[in-house]
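As written, the chains take the letters A, B, C, D, E and F, and residue 1 is the first residue of each chain.
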């Protein structure tokens, strides 16, 4: 079994704000991340799949196809968007990096072909902060 | 003469939108960068100063002081903010990387001590796009 | 379960030298790393914790708190110090990257709150050499 | 148990082409990667070994020796070469990143000393594409 | 005046070989770079233009248009190609990084609009080697 | 005229301490950089030369020769050393990045062949701090 990773990126606005809490509690817990006028990030997304290479191609999976799946199901919906307002699968969820990574996993997993398993979604919020999710 | 550079970063939301134009013209010119719900970036800011080192310290300028000046006059006003709505010196300007770099120059230049000249403001919008401004 | 990583750095001097060996044997085994006048590195430290996100915040753990714990228990004791002479938890140990990673684990683990498990300490000695320790 | 990683690089030409297929099928499957005049990459190779540190040195394995083993058995045979034509252990295999990572594992594993286990071969074809192989 | 830089990349094979010299002299001067079966690189290309921002857009030049010009005139002709055999503007020239940077300048300069001057072509052959050309 | 840059690195210990000042004044000016037990860095050194390419080779200067000159005259004397104690050309100078860059320039300049001019010495002390020196 080998593991193949493709990196893509998207630029998005977001905000950490729990609507069930007061404005003051949001400020206290999330600090400047709660700014009502939003802030944003260059997110770097690494998607790892695993399986056995095809002897005819040497490929576990054609990395150009993997890139297309990520672009179609994730990048087009998140890039240059507001993660809280514009992304259907984040509706009613906190837009933390943890929840984003788990949400991306759920969007990608159904679109991989037989024999190619999703192994990890790794999402950098900044060059110094990232989350990994392995599906359970 | 030597040149000393310090890098700092800030995360911010912005939007490219000319209020003197129709929504359609903004869409045509700026594409997804005009998204009314904003998007954002991890901006990387490199500030270069020039001058002659002090023989007693070997420093052109104490890089910790340079960092404090950048943080006080730029990072605290831009980090986790909306560049269009929250940053006074960008009011009534397009929030392009070009204008941001020129605006940052104007904020920083008055705060450097005698003998330390601002040489360059370099601003990365993404790892693949940056602007440099040398003050004229 | 998700995994959250925060990166911090420190600059330190060190030396590889086994006091139970002759000077010649140290030279033979450690080469220039045994230089009696020390050398040093920009260490890059990545700390990964794991657990389940809190539904109210979307956070496994507030990454600013993780950063504070790393700074208080590691960075303040190692940054701009001599790892052999100044760091209490490295006393009487070889200052290899392996031992540093294991020592950092022991310092950090007791300070994480319930529900947040330390998963990995990854320490870069140079951009081309790193050690990972998973606690056993 | 600790994990130690050393990074090395090599620059090489290659081509994706299955000689059992028609020229047209190769074009269809591999696109521009099938170009008969070759293309190439700066490959970045990360080799991770695992084991217990020696109490006398603090080393799992002397990283300079690990580097020498990688250079002797991999870099000298692959750097500035054509992976399809010049590298004996890739003869009659597709030169995909997957097969390269698995081939490198087989070349390295026999040369590690007792107590030092090969854990992972990670090979970057470009900064955005990499493969990991853990030996089974 | 501001300076705007866009980075693009291409993967290509090449070889350093002077056909006016003997095989032995080529080996002596170029070493393994003369390998008759080629080698290759992930080239990173940074193109800098300069001029004054348009007050209506805040742009010196729309960076998406700059990217398209680079892709049309450079990347499509060089990516996944053999620089010695496949690239018309390198015919009868040594494929050194110096000559590549100068050749790229000549291809790009005629395609920039009025008011946008080409300032620099910077080409990385490896992460540790690059050439800059300023047009004269 | 083209500009060619080669990057090399060295790991060294140093300390900022002016022997003409009291211990207290050193603490006040240099803070933790004055630690009497030293600290250290992974220095990254970029050396840029300029000139005209040779039509026979396409080279301004053989980058392997440039690398050898840097290694012989700089890296061998600084790598794994104490910059204050072990490096002859820093004797009686403050070991600031500014002075290091100027000192390296003076060591390198005499060793470049005719037709190859030293253009810039750029020295990173950390990934966020660097100095450039252009020889005057």
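Rule of thumb we're sticking to: contacts are C-beta pairs under 8 Å (C-beta built on N, C-alpha and C of every residue); 3 or more make two chains touch, one makes a residue touch a chain.
Values in this document were obtained by computation on a predicted structure and should not be read as measured data.
Asker: Going by the contact rule set out at the top, which chains touch both chain E and chain F?
Answerer: Looking at chain F and chain E together, the chains touching each of them are B.
Asker: Just to be sure I understand: going only through chains that touch, what's the smallest number of steps from chain A to chain F?
Answerer: 2
Asker: Contact counts by the stated rule: is the higher one at D-E or C-D?
Answerer: Top pair by contacting C-beta pairs is D-E.
Asker: What is the distance in Å between the mean C-alpha positions of chain B and chain F?
Answerer: Their C-alpha centroids are separated by 29 Å.
Asker: How many angstrom between the C-alpha centroids of chain D and chain B?
Answerer: Centre-to-centre distance between chain B and chain D: 41 Å.
Asker: Residues of chain F that contact two or more other chains, please.
Answerer: 127
Asker: What are the touching chain pairs in this one?
Answerer: A-B, A-C, A-D, B-E, B-F, C-D, C-F, D-E, E-F
Asker: Which of the residues in chain E come into contact with chain B in the complex?
Answerer: For this pair, the touching residues of chain E are 1-8, 48, 53, 55-60, 62-64.
Asker: Give the list of chain F residues in touch with chain C in this complex.
Answerer: Going through chain F, the ones touching chain C are 9, 11-14, 32-33, 35, 37-42, 79-82, 85-86, 126-127.
Asker: Where on chain F does chain B make contact in their complex?
Answerer: My answer: residues 16, 18, 20-21, 29-31, 93-99, 101-102, 127-134, 136.
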